[in-house]
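One chain, chain A, appears in both complexes that follow, with chain B as partner in the first and chain C in the second.
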Partner chain A sequence: MYQRERERERERDYREEMARSTGKDAQALFHSLRSAYAATPTTLKIIDLYMGFAVFTALIQVVYMAIVGSFPFNSFLSGVLSCVGTAILAVCLRIQVNKDNKEFKDLPPERAFADFVLCNLVLHLVIMNFLG
Partner chain B sequence: MVSGGSDSNSHLFLPQSLTTSFQSCLPHNIFLNVWGDGINCWQALSQSDGRWRYSSNNPESSTFAAGIALEALSGVVSLASSEIDQFMIGAVKNDIVKLFDSIEKYDDGTFYFDEKLVNMREQQGPLATTSSVVRGLTAFSSVITESLNLPGDKILGIAKFFLGIGIPGDTKNFFDQVDLLACLENNRVSIPLILSLPSTVISLTKKDSLKVKVNTVLGSHAPPLTVTLVRAFSSSARDNSIIENQELKFDPQDAVYFLDDLPASFDVGEYIFVFKMLVQDSEQQTVYATGTLTQVPIYVTGLIKIENAKIAVLDSDLGSVETQKKLDLAGESTVSVSANHLQKLRLSFQMSTPLGNAFKPHQAFLRLRHETKVEHTFVVGSSGKKFEITLDFLGLVEKFFYLSGRYDIQLTVGDAVMENSLLREIGYVELDLPEPPENASRPPPQPVDPYTRYGPKAEITHIFRAPEKRPPEELSLAFLVLTILPLFGFIIGLLRLGVNLKNFPTSAVPATFAVIFHLGIAAVLLLYVLFWLKLDLFTTLKTLCFLGVFLMVVGHRTLSHLASASAKLKSA
Partner chain C sequence: MVGKTESQNGAVKATAAPAMNLESDLFSNFSFKSFKLKTKQQELLLRVSILGLVYILAFITRLFSVLRYESMIHEFDPYFNYRTTLFLTEKGFYEFWNWFDSESWYPLGRIIGGTLYPGLMVTAAFIYWTLRFLRFAVHIREVCVLTAPFFASNTTVVAYFFGKEIWDSGAGLVAAAFIAICPGYISRSVAGSYDNEGVAIFALLLTFYLFVKAVNTGSLAWALASAFGYFYMVSAWGGYVFIINLIPLYVLVLLITGRYSMRLYVAYNCMYVLGMLLAMQIRFVGFQHVQSGEHMAAMGVFFLMQVFYFLDWVKYMLSDTKLFQAFLRITVTSAIAVGALALGVGTASGYISPWTGRFYSLLDPTYAKDNIPIIASVSEHQPTAWSSFMFDFHILLFLFPAGLYFCFKKLSDATIFIVMYGLTSMYFAGVMVRLILVATPAVCLISAIAVSATIKNLTSLLRTKSKTAVAGSSKGTGGSKASSKASFDQSQPFQKNGAIALLLGAFYLLSKYATHCTWVTSEAYSSPSIVLAARGAHGNRVIFDDYREAYFWLRQNTPPDAKVMSWWDYGYQITAMGNRTVIVDNNTWNNTHIATVGRAMSSYEDEAYEIMRSLDVDYVLVVFGGVTGYSSDDINKFLWMVRIGGGVFPVIKEPDYLVNGDYRVDKGAAPKMLNCL
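The block that comes next holds the complex of A and B.
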């Protein structure tokens, strides 16, 4: 009987330790990610910020649609898809501009930026047409 | 005109009017040869049956040609009156009599001449042929001294033929008709006298009298006559004559012969009156053709008494009367009865003539019309004066297509001699019939009122789609602000990252291009805003083309400058 209690105590201690360690592990992971991210060049950070801004805007529009219903559905779609589309184009730009990416070593970043601008303009023309 | 050669004898046929005018204006001795030529023609062209040929070449003989020949011969006789050979005149008279042997007739006593030629291109009809013959013979009879002995009833028959054809549609036929009647009006053969009645309907209620007129063919006065009603009998009982040998009195004012009062035994119905007329002056009897007897159908009309009209509903099995209502057929009142399929409907009434005899009308119908306009007609049977019809609904259920409901009853009683014929809505019967079985026949479709089918239809009011529920304006504005917020967040983030414009070209030309590049992008975005607000796609695309090309040129310049600048930096 005494032995069983001791076993249970040992199990409890073990679980607490695991929890603590996972908590500690999560924190350690988060810290490492932050420090790694701080090392990225500023241009990429700008693009990431732009992406976040676009996705956040899309989320707000979805919340609005959830509240009021999707009556002018074309407007909702054009709004959400413009945000999502520009975010995707930003991702493409980030891939092409990133110096660590071996595939696009020979592509000058200005060229990638020009493509980004052109594609955005076309996207926004279509969006404006669909906006209604 | 007149010629000596024998081959041109056909030119001798001149109308009599022309010869008369020649006779009056030219001296007499020029026409010495006329008589000789006339005899030559007669010998050459007249046939033994009274007909003539058109020319010596044509073997066919024609009655029409005979008429023309007689007319011409009458002209010849009037021109050469001193040379007349009585033998020839007699021969021509015989020819005329023989010509009358070929006359044709109809059963009603009318006579006419007709052609039966084979080779002639133009076949003259009976009107033209008869007219030509009568013209010829009346002309001939007017120039000779003796009289032609022609049967007067045939002349009268010809007159009746031409009076009986109405107004011909063809102008030539109309001329022939009027010309013939004018010839017969006053001729030396025999003048036909026509008996006619202004009205062949005598009304007992109005106490009409029988009136008879006698005239010549064109309506001129006839000489004094004795007109007798030889016999009058009902068309259903021909042997029993009601009136015999009644002389009609003459009314000089209206020039009619009339019979004052019909005897009291005249009931309503159809009769045939037979008349005979005789010229009073016995010397003039040969001048006029009166014929023998003239039969005229006469209708005597009157009010028929309809009484004891009643409608009853009977029980089918026992025949006992369940409801009985009196009908007033002369008035306007209506009755209503109700019956089911186990019962019978009986309508009965009595009809009698003014003299109290039984009367059978031409039409005695009972019609039942349903609300859906489906109709059924029945004949009302009679025995003597009593008229009765019994509708046994048990047997009629299928004929009525199992339609229950209200049936309008319509009674029709009519006849030509009935002055008070009636077609009346008597009332209605509520009929209760059983339900139709599966395979019962449907009633025939009734004709649709064309106005309901082809007339204007009801107006359709378009119900527009109810507009969707829109969110309140404040909520929308709030979310508009919320959507703009991430932009500010982006700008704040950019500032926190420490962005700078260090790479912006500083020297003049590239700087301008860079500025223009940014302005170009702004212009395109502004164009998009205008497009959303008011422009259409085509103008937008047109403007976008120009802006786009411009932007690409400027952008290429700017970005290539930047690229070369950074490349220089990398290599250095």
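The block that comes next holds the complex of A and C.
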């Protein structure tokens, strides 16, 4: 019985230590991510901001659908897909413009932006047709 | 045939020219440059002329039935397509898109605007309007008849560019030549076969080519183009499910084998989102991309890619691997949990519909025979025999594994794609005869790689011999290689002869392929099944036009609102040519209705009369081939009527019509058989 108490104490200590270490890990992770992100150039940060906005809008639409119901399903789909689509295109633009990507080093950023605009145009034309 | 020998000559001629170059190098650099330019222009001229000849060849070889009989639409399904195209050109696009047809499926009618794939009709109507705009007074029927050969020619051009993307321009030319005359493709795209597949194979190959180009270049513009190609494919044929499953599978394979790159992300994501949105504009497809089980693989891979690349980005940002491992563990477990939960909830609650019978029978070939007799009854849906493969592919059948070998030797993103396309399509071609058509482009491309690589190796062996003669005088291109080859050659003096013998053997095989394809096209695939030919008593050829005569009799001698009951095979033709309302037709969307007709056909006359009265039937059409020895008439199909009717109405039992398990139609037939309608 005495032994079991000691075992339980040891288990508790071990779990506390793990929790503390994962907590410390998470904090360290967060910090290093933050510091690494701060080093990215402003243009990329703008694209990231746009992407975050698009995803946020999509989430709001999904919450709205969950509350109100999905009756004109095509409208719901077109709304969500327009947000998701433009977020994806923003990510693609970011990939193509980022100077650290060696695969795209001879792609001029103007061409990448022109492609981005063209794809967004097509996306929104289709969305307008699909909105119903 | 001409095209192929020219391509071999081209390879040899273009390589002989640089050999002569080295000699004239001694004269002046200026003449060297002008000679080199001329060689490049010569090569371009050769390539363009070969491609032009192949284009014309692909068109011409499909015209046998037009020359022999007349320019008309073959088979059953094309008549429906023709009727809808006629409607489209007469009434315009909005009427077509919102058309409700009360002339077929008698009491129910059919929402044609929402239950067809408009790609073929819109394409033909567009060609018709373009020709009319240019003041060519063509009839829409001519355009419909010749749409399939025209698009077959376009497919050869796409095959050329695809081959060029995967391997090199030589392989592209050979692929174009192969696909121009391959019987597997000709079978569904002769002049007069105005069916979805004629346009769909072009769209399929185009989508695949544009996607591979997008993956190779990583540009958003090409991915957008491939999304449009996918849209065209979705509008043309139900087989687009193959694309939407093959491409995610390909992405998955690339991710697993570690060949992923940023270009893959750009290409797949852009194509998936835009393609999905565009595809949902077709009413027949509707919301299937987010609700049907067949399309879930694409969505799953889409989410997987987001997670994967996000992890990749975090790994790049973090410099410490231990932290990253922890993060990785958390993210991966949570992502898998969320994904599995979503999939499970969706499937269990029925929101995500399971695989439909048509496609499920591809995965489990025995499913249709037990559960859905209509799918099992179509002769095109039977498993393929070896003889069909040989008939449709000839030498490509053994060039296919050779091509796979070459692809594996030089693995790249593009060759992995073509290998996957080839293997999956060959599996499905083995399950259903009809799908040999889908496998044909892959087989042609891979065989073209084998042929092109082999012939290039052989001609380069030939070339080295002529180069060693001048290797000593100047440092020519690959001079050191030539000298080493020269020493090699001296030890094996028969290498050049062997190369020539192998080349001649290759030419012989290719010419046999061309002869076989032409023979097959002429004999087997050029008969319009609506006009039949037979041998008379004295061996003379008798052409009988009974089908069309019967339909025109219906058109001229029955009241305009008469309703005709027949087996569903003839439904489209009756509506198109007889212009009368039918009870069931080839669309086979309502199994119970067809089973009612089957039951009427196989019940005793009084019961059948009741059923026909309830359906308001005025005329019954049956096809009987006893007088002319025509073997695919309604007596032959009768057992299927029994099976399908029995599938819904257990009153009809198949053993009632058989004598000791045998199907007999003479005096010794079963009593129910003798007394039924």
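The criterion applied here is as follows: the second predicted complex is superposed on the first by the 121 of 132 C-alpha atoms of A that agree within 3 Å, B and C clash if a C-alpha of one lies under 4 Å from a C-alpha of the other, contacts with A are read in each partner's own complex, and residues count from 1 in each chain.
Throughout what follows, a residue touches a chain if its C-beta (ideal position, glycine included) is under 8 Å from a C-beta of that chain, and two chains touch if they have at least 3 such contacts.
Predicted model, so just to flag it, every value in this text is computed and none were measured.
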| item | value |
| --- | --- |
| Overlay on chain A: chain C relative to chain B, clash or fit | fit |
| Computed vertex angle (chain A) for partners chain B and chain C, CA, steps of 10° | 40 |
| Which superposed partner A:Asn129 touches (first chain B, second chain C, both, neither) | both |
| Partner chain in contact with A:Ser75 - chain B first, chain C second, else both or neither | neither |
| Touched partner set for A:Phe116, first chain B, second chain C, both or neither | second |
| Which of chain B and chain C A:Gln96 touches, first, second, both or neither | second |
| Lowest inter-chain C-alpha distance for chain C and chain B in the superposed arrangement, angstrom | 11 |
| Shared chain A surface residues [contacts with chain B and with chain C] | 118, 129 |
| Interface residues, chain A side, partner chain C - complex | 22, 25, 28-29, 32-33, 36-37, 73-74, 77-78, 81, 84-85, 88-89, 91-93, 95-96, 101, 103-104, 107, 112, 115-116, 118-119, 122-123, 126-127, 129-130 |
| Contact set on chain C toward chain A in their complex | 218-221, 223-224, 227, 261-263, 265-266, 269-270, 273-274, 276-278, 280-281, 287, 290, 314, 317-320, 323, 326-327 |
| Chain B to chain A touching residues, read off their complex | 468-471, 475-476, 479, 482-483, 485-487, 489-490, 493-494, 497-499, 521, 524-525, 528-529, 531-532, 537, 540, 544, 548, 552, 555-556, 559-560, 562-563, 566-567 |
| Parts of chain A lying in touch with chain B, wherever the complex brings them together | 42, 45-46, 49-50, 52-54, 56-57, 60-61, 64, 67-69, 71, 108-111, 113-114, 117-118, 121, 124-125, 128-129, 131 |
